[in-house]
Amino acid sequence: MPKEVPTGISKTNKSTAAKAPKDKPLLHSIKGGKAAPAKTPAGRNAPAKSALGKADAAAPDDAPVIGLNLEPAKLSPAMAAYFKKCQDKLGFVPNVLVAYAFDMAKLETFVAMYNDLMLGDSGLSKLEREMIAVAVSSQNRCYYCLTAHGAAVRQYSGNPLLGEHLVMNYRVARLNKRQRAMLDFAVKLTASPWTVEEGDRERLRRVGFSDRDIWDISAVAGFFNMSNRVASASDMRPNTVYHGQAR
Amino acid sequence: MPKEVPTGISKTNKSTAAKAPKDKPLLHSIKGGKAAPAKTPAGRNAPAKSALGKADAAAPDDAPVIGLNLEPAKLSPAMAAYFKKCQDKLGFVPNVLVAYAFDMAKLETFVAMYNDLMLGDSGLSKLEREMIAVAVSSQNRCYYCLTAHGAAVRQYSGNPLLGEHLVMNYRVARLNKRQRAMLDFAVKLTASPWTVEEGDRERLRRVGFSDRDIWDISAVAGFFNMSNRVASASDMRPNTVYHGQAR
Amino acid sequence: MPKEVPTGISKTNKSTAAKAPKDKPLLHSIKGGKAAPAKTPAGRNAPAKSALGKADAAAPDDAPVIGLNLEPAKLSPAMAAYFKKCQDKLGFVPNVLVAYAFDMAKLETFVAMYNDLMLGDSGLSKLEREMIAVAVSSQNRCYYCLTAHGAAVRQYSGNPLLGEHLVMNYRVARLNKRQRAMLDFAVKLTASPWTVEEGDRERLRRVGFSDRDIWDISAVAGFFNMSNRVASASDMRPNTVYHGQAR
Amino acid sequence: MPKEVPTGISKTNKSTAAKAPKDKPLLHSIKGGKAAPAKTPAGRNAPAKSALGKADAAAPDDAPVIGLNLEPAKLSPAMAAYFKKCQDKLGFVPNVLVAYAFDMAKLETFVAMYNDLMLGDSGLSKLEREMIAVAVSSQNRCYYCLTAHGAAVRQYSGNPLLGEHLVMNYRVARLNKRQRAMLDFAVKLTASPWTVEEGDRERLRRVGFSDRDIWDISAVAGFFNMSNRVASASDMRPNTVYHGQAR
Amino acid sequence: MPKEVPTGISKTNKSTAAKAPKDKPLLHSIKGGKAAPAKTPAGRNAPAKSALGKADAAAPDDAPVIGLNLEPAKLSPAMAAYFKKCQDKLGFVPNVLVAYAFDMAKLETFVAMYNDLMLGDSGLSKLEREMIAVAVSSQNRCYYCLTAHGAAVRQYSGNPLLGEHLVMNYRVARLNKRQRAMLDFAVKLTASPWTVEEGDRERLRRVGFSDRDIWDISAVAGFFNMSNRVASASDMRPNTVYHGQAR
Amino acid sequence: MPKEVPTGISKTNKSTAAKAPKDKPLLHSIKGGKAAPAKTPAGRNAPAKSALGKADAAAPDDAPVIGLNLEPAKLSPAMAAYFKKCQDKLGFVPNVLVAYAFDMAKLETFVAMYNDLMLGDSGLSKLEREMIAVAVSSQNRCYYCLTAHGAAVRQYSGNPLLGEHLVMNYRVARLNKRQRAMLDFAVKLTASPWTVEEGDRERLRRVGFSDRDIWDISAVAGFFNMSNRVASASDMRPNTVYHGQAR
């Protein structure tokens, strides 16, 4: 008889290793109008310092927020109010906002486009838009967006498994035909946009999507193809709080 | 001795076939607050009708503006003024704006982000930002963006060959080290964003780019990864006028 | 000021949707020597029935254990004892064992090879072997293995972030040189085994791996290239309990 | 209201930057039996010298003809007559001929095969053969062939848009079923020849191609898969005159 | 008239160059419980010494058995008997067994799994399992497995061409629908396991495979995805005798 | 102890299954100026008829010569003499010549280019040119060319292993630096010609290749990228005799 069970860890096993530090201080600093990087080791040198040591000890693996050394700007009144609203309603300011906060024009256009696409009127439900976000981000293997929007899918759907499925391989999710066609289109548009043609649009129409819906699917898929790249290019790190949400 | 020269066309050959129609009527209709699709055959049916016939006759190959049937909205005052400005300074309204004009919120956020990224302050010259646009669009084989931004590279650089090089294969362009590193980063970020790491950022720093410049390279590359997909997904067609510009 | 925060969900939001059913009944049935599929809808028809409905209601998204209709065999004494040991120490029998339980010879050779590779003597720590398992499974986008071995990485390391990093994109994990070289080798061996050459082995030797360690890295990477494919080909579903472990 | 229009260039803008030099001297030198490289900086060192400078000044970006230092041979009588014919009818000798002119046997076999395939009897029109040339060269991102044969498509079709479409992404061209099937076959044969099977030939037969036509499609596609590689491997540069033809 | 025939070698041509040495000594050493590497130059240094020289002289191109320096262990009684049986029935011990013989636990679990999968009860014939082995190994370009299992296909089928077809491109083999579907599934599972879904399983069922057969196809394909990687990672070399078998 | 040895075939095993028919009749028919297809079932219907039956019986797997129904033309005097010379010196006419024999102009230009490239003066030995042919054909998985030129590598080198290595994965061949660089260049030029740049040419120069040699490497690699595609597109089958040559 085999001597050990698959993971070799007993049911009562309780890791005593230090957990990764929470990003709370980060968020407090934002309330005062200063983004996190000011308090953490300077951007590009940090990674070397926080490398996982010989003992595999937990490390502040997701600080700083980005791997670029950008001085936070003074928040505009609109953005200061928005950050406060995030803090009040979510309990934290999403790191992507912290990352963009070095320049108010860039932060404001990003927020405006994001909110219109993800939260504005659409024939797609908010969950469906988040599902696209995660399927696209999985194709692009984007750590930031998979974490933040995987949490959103878990929250909106009340189905933690759906979030896992979309993060790992959307083809294992048990979707209805509408949502499967929607994600097939978004992922094809991500992987090889030059091959998308009228036949692909027709497939969406056949499962009930309007031409306006097709635009919205495309625009959300496009947006995350942008965000995935900004996040990967800048080594953007998600707020640690996302990982535990809605599991 | 071979009887025919490579292209088999004499120097004095002059095609008498009808040229593709110019998009002037399109732009007039926009000034009146109505986007072009209203005057052309309804979106998705058009392609079949304009198929290249047996005689290879030229056809209105780039109408309508997009392959989705979206009713143009009434232009907001800001957008009406902006379209007028385009008409006055460029002689036409770029079709991407016509395409977005079914919804003022989407049009305005797109314009705001575009203008900040491509025309706002940056350590990158406007030409360099257009070079990124074209190299990214070539990787994604995006007809709309290659056409519109290929023309912009020709215009800004005063070097028509540079535009051709970037459209076809940026590796044949004879670039200085700074610009070659910039495009290598943008194209890698486009093709496999998940493989971009600190080493890639370091390569940019070594040729003189600041961390803010790296953000801008990433943001422009990201933006065109979005736009390429919106254009491909909607079968967006460029204004014909671009093809002849600055050659 | 934008009206909504990024996820549009208040801090106090609490989903009332039904959660996915736990796999407890599954495990009880195993104790009696019958694998789960006997109690769930017959293999290949199940997916259609459990499709995510219009209301996006949670569904038993990870049942049955596999998408093949295989009659469970009577457990051999050794395997019955092993399943009991799993139940006692882990609280459940991993679904991969349930899946293989249609044939005792196959179950026993799988268990023997697994336990030798993952739990036997090696210059690689158990955590390192699990890290390889997850990095390989991420390359192959294998839902089963990412879930089960992602949990193992979280448990062994005591660092939940490390598990997330390896699931999503191992390149964002902050690893020491030894572990980074180990995963680079394993992922290259996964993606394009025909390109692995002496230079790749030399890179491992340079960070301190012995030739025996190189065998072990290769064997573990190879094993998960097998398991990922068996799991994907049979639509194998992980025990739901893994998702919440060690977060 | 946005302050700037998309390209930031006024309608009356006229670049004052120096244009890339025309290749006229090149062609004159050929008439004397000496290929261009003799007059330009020696092959492989040239690129560094002509790098695009800080001021983005236009440079002789497409000289020398190739990046290999090959001494031109004395033209055989047949080839001298052929070059003269090119000069008389086209106004220039295509650079690919200049490139091959270091060895008369190679030049003559290339010319013979080219002329048989592209200009000989076939069920495919000359335009169709040029369309295949461009679609294949686009898949292979070959600067030389896209330029020379893109011009040929514009000339033969009298439809400048068709040339642009095929250069950038043949899927946006509005082709009849016959020509679309022809290009789909040629591009598949280019990208993954090992996957071409009887089913692919059947698709061509169904739109009316004979078995002989299928050979010709394959032979033309094959020929440009050869030429694209010779051109890319030798850094072959097209005559600048092509860029402006038939626009 | 051309002066030379395609290969430029006369029918009576008989190479006088030294042939590659046979691996007989290797196998003798195994009978004594010592694997070959002990008698050949130490693992990783060997390749440099045996490089194909200026004169293109034949070299001991497939020694040593692997590129890792692993001390052979004393064969367990079961394995000693198994190696003797190989020697008696085959005339040699397959090098994969020699390679694994540094550790009896690993050798025994490998042999157990191999024999169950390839030689145990199954709805697939032994030839069909070998066909999967070769098609998978061709996708992964694995020299060891293509050689050993290519020989097995030639032997089992009595059709040397079938072996060549599967080694080079299984799509050229003239298979019945059942076997073609089987190899299509195995190769898709090898190239992109994450895309295998219920539709793929249904295609197998439609040509007559049972769910148990689907498991076996998957398990064999999975096994060679493991073995291909262990072989490539360790530079495993096949016994030379395979090359001449059953041609 | 395991009951069966790996291949489950005894040393004395002798297949009694019918061997695939030799193509001798094919060649006789050619001598009379008629290519094989006239005697075999008409091109495109043949495959269905010769499918490998339930009993895995050997079938005439490599007839007809091509999958296109092309009437053989009367051989020109030069080609008739050439075919006779092939027959006299090789004992057969290579099927590629039979395939091209439907059109004398095409056959003659093919033969002229082939003989110049593969048998004419060059800094590359004939073996080296055949090595390129095989490495390129392996990348393109071309059955015809791997078979015919794999045999040529075995013959020219007198090293059967070298032929096998290049067919299966050229990276396992133990080559000197010159030949390894040559094949790396040829394979890169095959897989992604658009990425070949001056740095790649420099790598060849550093191991001693002249610029003329670089042209020849490129031209041979290019030629087989053409031939591979013509062969795959037409389902060209090699003469069976190649398989047994020089093993």
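Note that the chains take the letters A, B, C, D, E and F in the order they are written out, and that residue 1 is the start of every chain.
Everything that follows uses one rule, which is that a residue touches a chain if its C-beta (ideal position, glycine included) is under 8 Å from a C-beta of that chain, and two chains touch if they have at least 3 such contacts.
Owing to the predicted nature of the structure, the values given are computational and were not obtained by experimental measurement.
Q: Would you pick out the chains that touch subunit B and also touch subunit D?
A: A, F
Q: Note down the smallest number of touching-chain steps it takes to go from subunit A to subunit E.
A: The distance in steps between these two chains is 1.
Q: Hey, which one of B-D, A-B or A-E is the same interface as D-F, over half the contact pairs lining up?
A: Selected pair, repeating D-F: A-B.
Q: Could you please state the distance in Å, as a whole number, between where the Cα atoms of subunit B are centred and where those of subunit E are centred?
A: That pair's centroid distance is 51 Å.
Q: Centre to centre, by mean C-alpha position, how many angstrom separate subunit A and subunit C?
A: Here subunit A and subunit C have centroids separated by 23 Å.
Q: Roughly how far is subunit C from subunit E, centre to centre by C-alpha average, rounded to an integer in Å?
A: Chain centres of subunit C and subunit E, defined by C-alpha means, are spaced 29 Å apart.
Q: What positions in subunit E touch 2 or more of the other chains?
A: Correct list: 47, 112, 141-142, 169, 194, 197, 235.
Q: Where do chains touch, given as pairs?
A: Applying the touch rule to all chain pairs gives A-B, A-C, A-D, A-E, B-C, B-D, B-F, C-E, C-F, D-E, D-F, E-F.
Q: What part of subunit E is in contact with subunit F in the complex they form?
A: Answer in residue numbers: 1-11, 13, 15-20, 47, 50-54, 56-59, 61-62, 78, 81-82, 85-86, 88-91, 94, 96-97, 111-112, 114-115, 118-119, 125-127, 138, 141-143, 146-148, 151-152, 155-162, 164-165, 167-169, 172-177, 179, 235, 237, 240, 243-244, 246-247.
Q: Provide the residue numbers of subunit B that touch subunit C in the complex, in ascending order.
A: 194-195, 197
Q: Would you pull the subunit A residues touching subunit E in the complex into a rising list?
A: Going by the criterion above, the answer is residues 169, 171.
Q: Residues of subunit D touching subunit F in their complex?
A: Contact set of subunit D toward subunit F: 43-44, 47, 67-70, 102, 105-106, 108-110, 112-113, 116, 120, 140-142, 185, 189-190, 193-194, 196-198, 201-202, 205, 211-212, 214-215, 217-219, 221-223, 225-230, 232-235.
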